[in-house]
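One chain, chain A, links the two complexes that follow: it is found with chain B in the first and with chain C in the second.
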Partner chain A sequence: MVTLELNQPGKTVLMMGNEAIARGAIEAGVDFCAAYPGTPSTEIPESLARVAERFNIYVEWSTNEIVALEAATAASLAGLRALVAMKQNGMNVCSDFLMTINLSGTNGGLVLMACDDPSAISSSNEQDSRSYARYADLPLLEPADFQEAKDMTRWAFEISEKLGLPCIVRSVTRLSHSRGNVKLGELTEKKRTAKFEGVYISGAFVAAQHAALHQKLEQVREDFESSKFNFYVGPKKAKCVIVTCGSGWLYSREAVAALGLEGRVGILKIGTTWPLPEKFIVEHLKNVTEILMVEEVDPFLEQNIKVLLAERAKTLGPIEVYGAKSGHRPPYGEMNQDKVAKALASIKGLKTKARDGKYVEKAKELLLSYIPIRMPTFCTGCPHRASMWAIKAALKLDGRDGFVTGDIGCYSLGAGPAGYFQLKTIQCMGAGIGMATGFGKLDKFGFNQPVIAVCGDSTFYHAAIPALINARVNNSNVLMVVLDNGGTAMTGFQPHPGSGCDACGRPAPTVEIENICKAIGVEVRVRDPFEISQAIHDIYELLQGEGTRVMIFRRRCFRIEAKEKLQQKYFVDQSKCIGDDCGCARFCSRVFNCPGIIWDAEAQKAKIDEMVCTGCGVCATLCPGGAIMVRGAAS
Partner chain B sequence: MTLEKDPLNLIIAGVGGQGNILASQIVATAGIKEGLYVTVGETYGASQRGGPVMSHVRFSAQAQCGPLIPEGEADIIVGLEPIEALRIIGDYGNPKTRVIVSPRPIYPIWVLSGQAKYPPVEEVMQKLRELVGEVRVVKAIEEGETALAANVVMVGALAGSGMVPIEMKHFEDSIKEIVSPKDLDTNLRAFRKGVGLTRGKARTPAKARKRR
Partner chain C sequence: MEAGKGSSDLEQEVLSQGLCTSCGACVDICPYIKVVKDKVAVIEPCGLTEGKCYDFCPRTPTDIAALDKSVFGKPRADSSLGSYISIEMAQAKDSELRCRAQYGGVVSALMKYAMDTGEISNAVLTKPFDGALMPSSLVVEEGSEVRECAGSNYIASATLAKLNEATKQNRKSIGLVGIPCQVLALRKMQAAKHETGARGVKLVIGLFCTWALSYKGFYEFLKGKVDPSQIRRIDIPPPPANIMVVETATGDVRFSLDEVRKFIKPTCNVCYDMTSEFADISVGMVEGIQDWNTLIVRTPAGKKFIDKAKKAGVINTVPLEQTRLEHLKEASSIKKKRAVDAIRKRTNDKGNLLYLRLSAQDKKKFL
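Presenting the complex of A and B:
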């Protein structure tokens, strides 16, 4: 992205929220970035990696979030400015370290970007990361638009450096993955050299360190009182005020305008949500009798404001607070303008601008009965479709009611029609093999179902290794299937320890999954899942064994493969396809269910959709009639 | 500058893998060049192909808008796929909405597996016409033609239609800025093809429609 490098202060450009965050870090002179990919945070390190050479930034994809935070903290302790970015689940992974580094402190600016995913658009939960700031007694900033995403990130480095504490910045999907106007700031001339001095140990004087931490929070609260990211808009002496933060700001402003309440309702927008700028807030709530709290997911700001109102009850008098607790906003799912408008209208006894009921009924009826549902599926050419097929076929052959424990990655779709509904559990990174380890020890209670744990390659490095060791040393009866597609595919194919390159695309050493398995001492086989009959045979055979076994299905993600080399074009030779007379039950389209193969209703035969097919050719090996062939090859 | 309607709300709807994001990025960058506030909200968290994808693009001369268009407030819909255009109407359509749509279906897997039916395309267009103010069917790709850059043909069709108040040169400059040099020719050609498909071919003049 050219805009990341532009040295034209004042120029307005279109930036994705995550690019704006990266630009803020660049303007702050960031030196070091470590992260594990996770939606919606991934583009932050990716953006920095693109300009790493230009700005002399070290960028790495770490094996997981705690390692990323530890590595970045090292850079901070050596006096550099460092950034860590992660999705909300990553906060749990790194929290063990976070809960001690707050006590021993940091040196150079250390910013922790927590990117939450309200409504879990691409996540297994929608946890609100902000509680970690209160939990760990760390400063928390919440940007409300694209400009603030850049400017607050830049400021976060200063806050961190001044306090000697990590500063948490919370983004959400609708900021990270949306685009909007950003006015560029100045680029900083970087001059830092790394040198470690001092002692950073938490544990020796915990209570004293904890006391000092609280003092630091009081110190930053003072700075927050005058922050430009906290402001009030609306009539002086409004009786009704929306108190909001982050993504709630733009929704609130539009909702007030949509209801024509600009003259009656004010908006108090807080950018520094922990610790709260108490004087600033109290000052703006002096004449207020009712508050609507607008924020995404947990009532984090709401509860903290309520505590403040209770403490200042004498000054402020009674104030009615509407929000999650009162049922005016759901404490789950993402917010939008309509939800804010509805809440505001119900408080003020107004009606929201309603759509024509008959129109909506007619249009929504189509959604229910006319427009077919479009389930996400594995890409055409995806190796997972073949792997899931092999697992399904082998479990059926085995016949002992075996099942699959799932994990986090593209293959999570294996829980749905894409993977023939094979995955029966999905929780967090590494949980598939962790849970399978337990299932595999239930034999003395009459349990006799075979258990297959599937796990992606990146997940294997991230979180599966301790569980696999656990399975081995406890002699748990489990088959682990590693779906190795050569990168962290779900988030856009970032490299991992098996990829052979680093975050900036330079060659890097590899750590082979099978070598780790061998060192753990388990039986391991490697197979291309497109060799589908052998793949089924492998799984079946391994299922008959005992103890901990590993099958690696290895084939590169086809989206990458297709980009790198020109693929062959396949077609259905309709003289060979005999349609429903075949007895295959339309195997290619209906059963194997690849979206690249459609049904030609006119000819009553299968047909390749050239707009969708990526030319992987696995269907050619599966078609019982041998009707699918390469274009141009002799038939 | 002022907009006849502020904010002006555009939705680009399609299927994962069709290039929705590039399309919205081109339109939005062109809007910035026009001096507008532009906000693009995208739903593309799951990187897998095959799910519905939509981008909300909002233009304002006054202020930064939120990333999501309120219910029933879509002014323009660009449908890269027929049923995806129709799917948008339930939540965001209104009788004045204007639609530019490609008639080329991409079949959902439940249609392929026989659990659901894909309605006839002409019937989908008819349903659209019953619900919105204007429908322009744009054949972005011919049968047998490569699908690449069909998304940019649709951006061209939007530019050519005059539905968004952005100068043509801003669109082309945006494409030059965003698309990698090796794909630039293909994309510029695709864009111009799209422009040609709609320019000067309005069924109802935009101004007359505004007054209705």
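Presenting the complex of A and C:
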């Protein structure tokens, strides 16, 4: 039995933040979950999918975030409890719908999990989703630890139902992806039946609906005043207080302890960050003269607190606020204990350092003593390596200074050495083909460079189709290369509309990319990128054409393929590899750059790292000496 | 040959100057140089300062006299046609082959005979039309496959890339049919200090060539006139017609040669060799006679093979009239003069003949 299913209230278990969120939803009796994969949110729907049958939950991977939110809202309107999870970029995708459903309202509990990625560890930006709560006038909760992740999620359903509004819960990478202790709550028996009633139209009485929305916000503010997720720790009547939320809470506690300031500095921790529990905050800031704001990325709480301080200036008197604006914390990147301690020390005029100043250097030295330096690269056997090489070769053969517009996926690495620096633009989902559509219409201004838009299979379904239609109907000169590896690979190989299975692993109908392309009316070819000479040839040929063309490079992600079946074992016949005497200049290990091929310094020849090699065999095709071969095969 | 040059130099001196002949000598001997259709490119600089790619190229410095010595063992006796033992008119006995071929079917007949008798066991040939305008080179192992490769289409195919592929597969006893730049490159490969599989080429039949067309321009041009996938034959009737005839399944299309000339590869203007001077045997047209070939036997190996073929009745030969021989020499000399002129126009320097290293005697004659 997985932890998520345990019906032992009070038992403490170790859980990943995202599992705790899923457990919170299960304890709330969630019925419906829709999501598009995106780090760091992906494990929430995945966790629910694992127990979907046990708890009668419908879980789907939707084609994109707005569809996910719309589908989940339907469940809510039918009286069910629904959860939507997405990474921060997904908030932009679903925001169009969000900005109207706040007006027309919801019925059953609808929780929107926004998982932010400070420092953009796995993202193309580090936007702070919290502004969407203020923007859309929706309640916002920020869990500060694993227990809160579970408990707040559960509570969010109640808030949503009470208000008839979606409730946004914001997590960050460190919370979603670390593990901590969680005390389990009760599992409730669900008795809901779906039934749609009423009218939900935004647009007919917008001003009236908007007025009602603000009333709802005032109503929830009252509830927030007494929330257990807002609390103060520290000395009574402290003059200096850290005001924090979310992940800042633990960093602040550690920093105060590390500096030995427990007796002088208090911490006011806010869990309900929009709308603010104003009375509660004012009550705790009455004797305070200095505030340090600790939160991640935007000064969201900081600005709202400053507004509050201005409004209550008569009661509170002058208070110095340190934070992002004052330069005591960067309004970008992840926070950590050190950053908080440094800010606190500077305010208090302390010289104490929270940790050895050479800590980072020492840690790096230690790490590098047993971890090889490696540039970010594609996995061994990754089809994208072959596709990128084919694109590079074809563009070079074409010779008109063509370039590639990139998109979001594993293949974004194509902007670096892994993809031979081929990608020249990377923005949001679908932007590669969208921008290429524009480049392809610049001929009357003297533009004659061929443009290739690369796009992953999952990205194709998610965001590329309208742009491809745009290219077609405007007769834009674009070659779109769909890198189809059979799933949403970067987030852990979740299925997509072409995969043939659903979120729970059951067989599902497929929507073929080539059929969509054909329906749009563009020339489309399908090729295995491992047939590398043919792949180069195809791209070259398509580059010579005009109008909108699509090349699908189809080859299943090798990490998955290798897990599913035993691959052929490749090795370098060192009697055939002539090392530096070959004209190849160490092509396989230096230029083609697959981590599965290494330079054997002792023998001065190439060598396959059999632990890493997945047996794709592309290097064997490219080796000019024919020195890379399959073990057991006749040479 | 100048030592110490590599792919970057090749790119700079040949590819970027429009001097690439698309012969394929540099292709696929390393992972960095690729060809698609007749377009060759260095995909990534390999970083090496010296390379076979540079050494093999027919447009990198080529000492004609030194190559004469390595192929024929002596200086050339004839400055316009190179070394040869005999020149005759020839025709394939097989009339069907003649029908498929461009002129007298001699090349196809000889290659088929060489394969059938085990003279060679692999042949690197070129199919003139492979479902589209672009010719495709291939390696055949059976004499019966030669027939498919009869005819010409005036576009260069990277034949030597196929040879490189064949030698990588350790194929030996190879026959090759090529145009002059390809034969020149092949001889450079065979003469190179590096051991290459090219030494496994035992029989070289060179074709006469005055120029080749660049695929892209010619394709775009033809596309507007015929369905390129339906082309069966392309012919240039003898002067003074000044036309090109494209035969398709649905009928012939004719247009002025002047329309086509703009697609001539720029490198053909600096070509010094019309008759494949370094082949074992050279074969071309006889001006004014449709179904006969000019046959130049150059090397002793070539002579031995031709004698056998004649004895076996594969080809018929008759003497080439003196006036025709003079005419051939004159045509070849004109090509050389034009090449030297074109080079001098490019370099603007009497002492710099780009790739050509000529003997004092040839310089005197053609400069």
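Note that the second predicted complex is superposed on the first by the 614 of 635 C-alpha atoms of A that agree within 3 Å, B and C clash if a C-alpha of one lies under 4 Å from a C-alpha of the other, contacts with A are read in each partner's own complex, and residues count from 1 in each chain.
In the analysis below, a residue touches a chain if its C-beta (ideal position, glycine included) is under 8 Å from a C-beta of that chain, and two chains touch if they have at least 3 such contacts.
Not measured: the values here are computed from a predicted model.
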Exercise for the section: Classify the contacts of A:603 with the two partner chains as first (chain B alone), second (chain C alone), both, or neither. Expected result: neither
Handout entry: Between chain B and chain C, more extensive residue contact with chain A
Key = B
Exercise for the section: Check whether A:363 is in contact with chain B, with chain C, with both or with neither, and answer first, second, both or neither. Expected result: first
Exercise for the section: Go through the superposed model and pick first if A:204 touches only chain B, second if only chain C, both, or neither. Expected result: neither
Handout entry: First (chain B), second (chain C), both or neither touched by A:350
Key = neither
Handout entry: First (chain B), second (chain C), both or neither touched by A:307
Key = neither
Practice task
Using the touch definition from the top, say if A:611 reaches chain B (first), chain C (second), both or neither.
Solution key: first
Completion exercise
Residues on chain A touched by both chain B and chain C 591
Fill in the blank from the handout: Contacts from chain A onto chain C in the complex sit at residues 392-394, 396-399, 420, 536-537, 540-541, 544, 582-585, 587, 591-592, 622-624, 626
Completion exercise
Listed in rising order, the residues of chain C that touch chain A in the complex are 28-32, 34-37, 39-44, 46-48, 51-53, 168, 216
Fill in the blank from the handout: Listed in rising order, chain B residues that touch chain A in their complex are 15-17, 24-25, 28-29, 31-32, 37-52, 63-68, 70-72, 83-84, 86-87, 89-90, 93-95, 104, 106-114, 116-119, 127, 130-131, 141, 144, 146-147, 150, 177
Handout entry: Touching residues on chain A, where the partner in the complex is chain B
Key = 2, 12-14, 39-40, 117, 121-123, 145-147, 173-175, 177-181, 247, 250-251, 253-254, 258, 336-338, 341, 355-356, 359-360, 362-364, 366-367, 370-380, 410, 413, 417-418, 489-492, 586, 589-591, 593, 595, 597-599, 609-612
